[in-house]
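First subunit A sits with subunit B, and in the next complex the same chain sits with subunit C.
On to the complex of A and B.
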């Protein structure tokens, strides 16, 4: 089995564990593992800079933010966790079925496995791409960050008269 | 010059949030009013120098070109009008100055996101601006922080994330085939690319856009989000956000990238027809005022998708005009629904009745909105539906045309039922002290009703100046 496919399977299992885990902390760890495997995959696909971003931001920073947030919340009781998990399994049982059916469907499409990307990789410097070719997207990212900050201020900041 | 449409609001937003006194907060409302008014006026008078003039330092900032055509102008008008209406209603609905200020910030961000969507000609930039609009929308839906708002926002967030995954996958496939992200390069390379991958990418992308637009069978989030959001946000969502993020993008991407090839046309027409029927039948069974309007939106979005699916200049003109009309009359109906909700503290239509005695302006303007939705002449909805029907007939889709006409009768049925339950008949018990909401809300209702009537009466002017030139997107 190709190593990339093996890593993809492991990554999918880690992602499944993330969404199925009963504890938020375990889900966070699952996300970090998923992201770490994705980092290896990106690195193997000759994109070391993207891999570094993924490792530092998604595996590192986001995990730290999640763990910090979880530490500030009141955890559910064991009974509540079991109840929530049961309900979730009942409500979303069809999602893995759809995924498997879609995968079987894709097999019938006979997608050739030897397609070479039209983009010539490694010819452009990432700094040139980000700051000269994609300023509008960078500008958009700034707006997204502002929107996110506003969201935190609006949704998570309690008023003085609130308990 | 078009860069200013994005730069000015953002610069304003930054200045407004500087900690230099409370007067900035008070000025935010008037800044937003000026912003949205300018956007509408510049789009209506689109032959002005504002669009053709050059500002070298500003133009050089992004180093990318923008798409500025008649479709963009119509979308600018819709974005400006609906944002303006939402802002006026918010001022009335939100007593707290701080809350209003936060709302205005998010409204400006959503407006920048939508303006970006309608101007960009690069599929990745399009994705970025779609995300800006979506993030602002999540926060706006959950704005009140009550359980319904949070549930509606969460559903929208989850389904929007699914749409994002689909669109990103599709973008990756497009890059694989074409090596670029600009509409023109992708469009050109799709002709020679691997057919299986190209069709897969197109199919996935359309599914993502159907989720954003609330097209059946991807409509699950829409009624909950519309119902649970605060009144000004419902207006914004129903009036423009789903249309800019889903339907406009569908029309633009299909014309500029995929091309109106037979499989795409077949998918659009089928999804459009199913949406029309599902939305209409579901609306018939509702007792909640806002939920009925939400299902009606699904049905009317179906007409837009059906019109676009014909792939002809006339069909697309009809679809775009129906998009504009729906923005206006659905905003009008949601403004009125919010006025009724505020007065009665309920949306349950079984507890309403005879409101035309107590709220005559709300009742009369609602009637205009209902009749236009049903396609009654000479209101604007009649002309847009007529264009769609003629386009269907010309392309030989007689069955779809017949279904579209019959569904209009269904629309008339559920709206007459709504009008009878809410506004006609004897005044329901306990509603003796109900009165019209403030002058601000009445002004919005009357203005939107006049636009609905005016766009119908002056249809030839609109057709010649805005709709006929839309065929240029097909030539491109």
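On to the complex of A and C.
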């Protein structure tokens, strides 16, 4: 349990660093670290399949997508970076304060832990749940992936009149 | 439900709420499209952790894992589409500022 708490603290700090980082690349790296720590937590919660998905897709693929998107945009000049960081600092310095206040408030507020499951899958295997119990959802998932692929094809399509 | 599991949920719930605060604050305050997507990612991470913890303490690990896999698939599609939109906006405005989206027709 102590290791879980340690990982949760590190993950929250990584998330905080992600949103407060000056450069977009550093923010992306922070997001990857957050995902990696979440993977360890998921693995410790007896969910190895979800952990593998989280590690390969969220830590790997999404980071690559972000880095490629950032590399296709124009980098800021040194003067612009300094101005943007000052502006960001002005808007984001409230966040640590809000987090500390929320943490203090949550210490006094008791989070109810008694949850009753609406549906019990008991000893079922994850593959059984995915392919038998959630068959209709799988169709939806396939449609979402196709929609995503079509969206990317449309968005990244070069115009004919463009050089 | 045992006291230990209830305590586990309370501890995880505490940090999940903090993650939600981080994501929501960034989403509200940021002016950069890519940072908004990163904030959305953090919110999705909080949801993923909540699903896994609830599955663990209620004994529905298989259902929680299958739901998390669905969430991850949707997350990837969202990020890729949002990245494409951000690039299109950048080509159009030479900037990723969301305030400049108001200049669009429609």
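We adopt the following convention: the second predicted complex is superposed on the first by the 119 of 163 C-alpha atoms of A that agree within 3 Å, B and C clash if a C-alpha of one lies under 4 Å from a C-alpha of the other, contacts with A are read in each partner's own complex, and residues count from 1 in each chain.
Here is the rule we use: contacts are C-beta pairs under 8 Å (C-beta built on N, C-alpha and C of every residue); 3 or more make two chains touch, one makes a residue touch a chain.
As the structure is a computational prediction, the values presented were derived from the model and not from experiment.
Undergrad: Using the superposition on chain A described above, determine whether A:143 touches subunit B (first), subunit C (second), both, or neither.
TA: first
Undergrad: Applying the document's definition of touch, where does A:99 land relative to subunit B and subunit C: first, second, both, or neither?
TA: In the superposition, A:99 touches subunit C alone.
Undergrad: After superposition on the shared chain, which partner residues are touched by A:28: those of subunit B (first), subunit C (second), both, or neither?
TA: second
Undergrad: Using the touch definition from the top, say if A:130 reaches subunit B (first), subunit C (second), both or neither.
TA: second
Undergrad: Return the chain, subunit B or subunit C, that is in touch with more residues of subunit A.
TA: C
Undergrad: Tell me the contact category for A:110 with respect to subunit B and subunit C: first, second, both or neither.
TA: After superposition on chain A, A:110 lies in contact with both partners, subunit B and subunit C.
Undergrad: Return first, second, both or neither, reflecting whether A:58 touches subunit B, subunit C, both chains, or no partner chain.
TA: second
Undergrad: Could you pull out which residues of subunit A sit against subunit B in one structure and against subunit C in the other?
TA: 106, 110-111, 115, 117, 119-120, 133-134, 137, 141, 144, 147-148, 151, 155.
Undergrad: What residues on subunit A touch subunit C, complex-wise?
TA: My answer: residues 1, 4-5, 8-9, 11-12, 15-16, 18-19, 24, 27-28, 31, 34-35, 38, 41-42, 45-47, 49-50, 53-54, 57-58, 61-62, 65-66, 68-70, 72-74, 91-92, 94-95, 98-99, 102-103, 106, 110-111, 113-117, 119-122, 124-126, 128-130, 133-134, 137, 141, 144-145, 147-148, 151-152, 155-156.
Undergrad: Which residues of subunit A touch subunit B in their complex?
TA: 106, 109-112, 115, 117-120, 132-137, 139-141, 143-144, 146-148, 150-151, 153-155
Undergrad: Looking at the complex, which residues from subunit C come into contact with subunit A?
TA: 1, 5-15, 17-19, 21-23, 25-26, 29-30, 32, 34-35, 37-39, 41-42, 45, 48-49, 52-66, 68-70, 72-77, 79-81, 83-88, 90, 94, 96
Undergrad: Inside the complex, what are the residues of subunit B that reach subunit A?
TA: 6, 10, 13, 61-64, 102, 105-106, 109, 112-113, 116, 120, 122, 124-125, 128-129, 131-132, 135-136, 138-139, 142-143, 145, 175-180, 189, 194, 196-197, 200
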